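Next come two complexes, and both contain chain A; in the first it sits with chain B, in the second with chain C.
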Partner chain A sequence: MTDDAQELIGDYRYGFHDPENSTIRFDKGLSEQVVRDISELKNEPKWMTDIRVKAYRHFVERVMPEWGNCSLLNMIDFENVTYFLRSSDKTEKSWDDVPDDIKNTFNRLGIPEAEQKWLGGVTAQYESEAVYHSIREDLEEQGVIFLDMDSGLKQYPDIIKKYFGTVVPHSDNKFSALNTAVWSGGSFLYIPKGVSVEMPVQAYFRINAKNMGQFERTLIIADEGSTVHYVEGCTAPNYSTDSLHSAVVELIAMEGAKIRYSTVQNWSSNVYNLVTKRAIAHKNATIEWVDGNIGSKLTMKYPSVLLKGEGAHAEVISVAYAGNGQHQDTGAKVHHLASNTTSNILSKSISKNGGRSSYRGLLQVTPKSTGCRSKVVCDALILDEHSRSDTYPTMEIGNSTSDLEHEASVSKVSSDQLFYLMSRGFTEDEAMGLIVNGFFEPFTRELPMEYAVELNKLIELEMEGSIG
Partner chain B sequence: MAEEILRIENLHVSVEGTAILKGVNLIIHRGEIHAIMGRNGAGKSTLANVVMGHPAYVITEGRIFYQGQPLENLAVFERARAGMFLSFQYPAAIPGVQVGTFLKKSVASVRDEPPKGREFRKELTAAMEQLAMDKSFLSRYVNDGFSGGEKKRLEILQMLLLQPNLALLDETDSGLDIDALRIVAKGINEVAVDSACLIITHYQRLLDLVKPHFVHAMMDGVIVQTGGPELALELEDRGYDWLDMAV
Partner chain C sequence: MNYQQMAIPPRSEHLWRYTPWPRIHPSSIDEVPIAADVIFSLEGRESFETIPQAADNFDDIARSFLHATGSSCHRMVISEQSDPIHINARASGHIAVGHLELEVKDSAVVFIHISGEPEWVGLHITGKIHPNAHLSFGFINELDSNSKFLRCEDWTVERDAELEHATLSVGGFRCKSDMRTTLNGTGASIRQSITVNAIGARHDDEHVEIQHLHGHTYSNLVMNSACGGSSHFIGTGLLTITEGADKSDASQVFRNLLLSEKARAEAIPELEVLADDVSAAHGAASAPIDRNQMHYLMSRGLNPQEAQSMIVHGFLLNAFSNLTNKCLIEEMRTRLTVHLECELRR
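Moving on, here comes the complex of A and B:
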């Protein structure tokens, strides 16, 4: 830190004030003091500071995972990460600043044209906030709480205290410990009993700084009989260089509630994306993870569902695209902890230009959970001989009354498919694009429909507002 | 004389080192329908595929000209955009890609002036009606789970929409019942009037419905006999053994 900066920021020992963009930036590196400083800066209650410190100590003691891509994991230099950065101007980056390769990877998702147009306008809508704000007020009238996590902690400390870390304890893994120690931002969403939130609720995250660590923390509680669709990433230019993204997401669906959580992460290709996402589904509740992994250097993410109540259902649809220098280590975990619970897992991955994709799945049925049904389908498409795909399915079935199916396929783009498409006027790249989009179609059709519907509703609301 | 569309000169072709075509000569003008008949393995499909530019087929000798221009430096998609069309014997399935999207994109890339949305839909609806194809085809995935007959209809639908100068039809009649064959034949006749047409078939029955101007008998990679429609009847009647003797 320069002396000038020290003068400017006064008491803040770990950051400096940037006169150009009004940033508070901690020095790189992690210590118990950094953890305490984050908590102090946020004026958190003592119990949260204590949770953070406890988690930090666990993080220090906890060894790195000894599975997955260890050589990549061990390259993470925790001392070269900025653990806290506050910017008063969060919308300074526009899509025009996003490198072409990132824009192109969004195109590869096969998001329809209308969707693309809408995404183009998202930032502007975000900056104006009028549309979103009007929706949020509408939801607030029904008792829905939708806040960033820091505000959530300030305004609803009792709820946070009750549920924080109950789905993903800090000691779950090294990165959940890290997140719990230094978390900042994320969403807090509460849906009251019986409330059905018709339009998706969106969160908008972005990091721009080099060597930045982003550790958002999200907690969603859907009370009895409520439904909500939470969308993250797809509409957010998640852009970062040389960063570590380690989020924790906890979902709780009470009896009869339904949560759909949709993500498309498109980090730039030098981001470590090490995320713990887990949900608890109580009686007759439904959890749907719709999870797309397109970017990052290394992603390790296995959206999980604990089917805790009888009749609960889990749906995990995920796609992974691993290009040059990327390893997508993704999958799903479903624990059937109660009888007559059901789950569907569909995982699709594409490896290209030396990329590597791994499916890591766990399906558990406890001995007492009778009459469970589950279907797991894993399809991998390998586009060239330099690329790789692995499948690591684990099944622990504790009784004989449950019905489980597992299908796995690995395929390559055939020269017949390419020749056929090229004979219809498509260049080789266009032909490949069509085949890849087709492969991902079972996933993408889950996204744009919702988005198209939402767009129409947002526009309708805009029109209503402007006329009325 | 009508415009020369396809000229094949002394064509020798190998697949993975095995010689398949051993000196084929053929000229097709606009407005002509040619049929090539022969046993399995005679090289008929190889001829169609190599003209379209399949990368697995290597030309070891001879040349192919399309509208007077040598084809060797033209990529497959460029051949398509230049007006060449191959109706596949076994069309590949493209899972997840809807027929409607595929057709629209294909027509847009092949035609110089792609039709506008409404115009295209009108044209598409008319062509599908002609081929007795239900609208539900459009939302299905290209050839994915299609019956043999459905695949062939989709091939002919593409031919109607792409309006080729040169249509190569590789066993388009196989897998079709007689009603479907009539419908498909009608489509071929419509395109054939103003294009050059090469029909590869085992059977006479398609040629009853699409009258060829020339019939070629192919054996072991060469055309051994050329005649009019009567040759097809003779081949149907006598088989290919007598040609063995003749050779």
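Moving on, here comes the complex of A and C:
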């Protein structure tokens, strides 16, 4: 890594990178031919190629968003991105068969160990495609389908055709169009009726190559009365040039189903993280987004829920940490499209060393949705005078029987709290770390324990030297 | 840049999301129509001077348009303490535009009552509160229920000066207000309250921007709206605390009371904080009338209309609770009470 890159990145524990041993690497740049080539290489059905091409044309026509951090967005050079890179010829079911260099990467990230201990299934994606995939036999026997998206398309084309792009259409925004055009990898998860997946299933996304674009596509369908917890983690190495991560995640919770989708995003601070995540909740279904954003240069991510069925519920808990050179533009959107639907949004952010965190949210109640209730709470901490925190909430209320609340506050760490802890023997750094961990506690308590411990460690690392 | 050189703002700008510029413009958007003057008259011994308008250096399309349609500006300098000043702004005809400039060097109470039956009226008010001065300002919109109304205000509050700003918006068919205040000195403060009674098919869009440029500045914004019929209320607020404006205290609360099935309300209270040692908070709530409150009042003999009116009255009055000047509070409350009683008798 160059000195410039080191300065830019700071201390980032996943910043190592392995030599690139790609089997197929496309030239940089995007064109209709690149889109067709990706589809041909994957031997996809014609309908998928057509969707990709249509999405590409929309991407070209669609202007960049005129809100958010426009100056950073306009710095993205789409011609300097590699849109497809295959590191392994096939998706393995055993860690032993994964190529050594990739296996080493995931070993260093602790994935195989985690799988043995507490996971129901794992997908590990390296660059554009999954390199490893497994699911516990008992879940497979119950009819749970957990595949990487490419295999899902090959093995279950009818299901994919039925649901692909129904939650996030390609025309939704410029980056959903880009993802639909060049998607590769991601997870396909189907939980049959009444099946409850007790242990979380996990996907791990890793960008290793320089100027790489990762465009995974995830589709999760929880059939009636089923439950599942899906966890994803993301890292990338440190380079002095930028990478692009533009995923699309679609969740569909049928009647009475429950999906919890947890993310701990820890991309290195040269990654643009522009993700569209949206869920549909049918009658009495529950969607929970638990979203942690620690890394990246610019994150624009607003997990959304369309509450389509009566009695559906949405829960969004998100935390963001914005350090030097980072802008975490995150939030949540909940559309109450049916009566008696409820939602809770809790957002917490910390800005430090000139970082900027923004909450951007939308709460909508349509005129025919009666008896809806929602509560939004945003709390922000600013740790120094160079940092910034913004709140841009929107409430659109079209029905008089709905009850909605929003509250937000921005403050610094209370000197009384610091004084109290220091009078009990903690150093100022330790006291600050404790207060910040406490601030994030509503988020960490919703994560599996291993993730919560990891997140606390990450925050402690990020907080080092934050005093004075 | 003059109006005709300006690009039409996109709806992605939250200022124009719910009331796009073409919907508030009086005619075709490329046009700068000929406008009559709003007639300003005064009760009391103060007087206006009429001055030419300053050069158009606005980067905002509404202000630039008002500049292009207006011809002159009424200016008032308040140099010493006086009785409350009542300014009647009367608009008539097809299109009417008025410009008013206030400069306050002492303590003053000023009310503006706008009324009339124009198809379209535009009003641009600029004000400067000098160091240590205090202005209590009440704005009462009692326009005809068929009028379109565009209102822009720009206030500068200097060191240790105070502005108390109250709005009662009960008139007009489609109203768009854009009120901006700059706290331009240490110790400057603003308390702002906006009360909107949206009935029938009224569309009322109130936008407030408050910029804390210096430390130890204070702002407090309360916006209460009651929405009945098929009305649509939009409240947007942007509080900005700039870098270095430490010890600033900024808060905003938006409350919407929804009275009918077809009424709509949007609340967008935004915060941009670039300093660390500040207190900044906002809250927003929307709800129907509490059934328990209705039940309580009706069990004491009030019919449903009277009970609802009483609750709405109390709710809207509450918006003025952050103000301190008794004369301002009294006048605003009286106007609101008269308006609600007239409405109840209809």
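The rule we apply is simple: the second predicted complex is superposed on the first by the 371 of 468 C-alpha atoms of A that agree within 3 Å, B and C clash if a C-alpha of one lies under 4 Å from a C-alpha of the other, contacts with A are read in each partner's own complex, and residues count from 1 in each chain.
Just so we're on the same page, a contact is a pair of C-beta atoms (placed from the backbone, for glycine too) under 8 Å apart; a residue touches a chain by one contact, two chains touch by 3 or more.
Owing to the predicted nature of the structure, the values given are computational and were not obtained by experimental measurement.
Asks: Count the residues of chain A touched by chain B and by chain C, then name the partner with the higher count.
Replies: Counting residues of chain A touched by each partner, the higher count goes to C.
Asks: Going by the contact rule set out at the top, does A:353 touch chain B (first), chain C (second), both, or neither?
Replies: In the superposition, A:353 touches no partner, neither chain B nor chain C.
Asks: What is the contact status of A:441 with respect to chain B (first) and chain C (second): first, second, both, or neither?
Replies: Only chain B; A:441 stays clear of chain C.
Asks: Give one of first, second, both or neither to describe whether A:416 is in contact with chain B, with chain C, with both, or with none.
Replies: A:416 contacts chain B only, not chain C.
Asks: Go through the superposed model and pick first if A:155 touches only chain B, second if only chain C, both, or neither.
Replies: neither
Asks: Touching A:33, do we find chain B (first), chain C (second), both, or neither?
Replies: Neither partner.
Asks: Counting only touches as set out at the top, which of chain B and chain C does A:425 meet: first, second, both, neither?
Replies: So A:425 only meets chain B here.
Asks: For A:74, is the partner it touches chain B (first), chain C (second), both, or none of the two (neither)?
Replies: Neither chain B nor chain C is touched by A:74.
Asks: Any idea which chain C residues touch chain A in the complex?
Replies: That would be residues 10, 12-14, 227, 243-244, 246, 256, 258-288 of chain C.
Asks: Show me the residue ranges of chain B that touch chain A in the complex, using the header's touch definition.
Replies: 52-56, 75-77, 79-81, 85-86, 88, 90-97, 102, 105-106, 109-110, 141-142, 158, 162
Asks: For chain A, which residues count as touching chain C in their complex?
Replies: The touching residues are 65-67, 367, 380, 382-412.
Asks: For a test of understanding, state which residues of chain A touch chain B in their complex under the given definition.
Replies: 414-417, 419-428, 430, 434-435, 437-442
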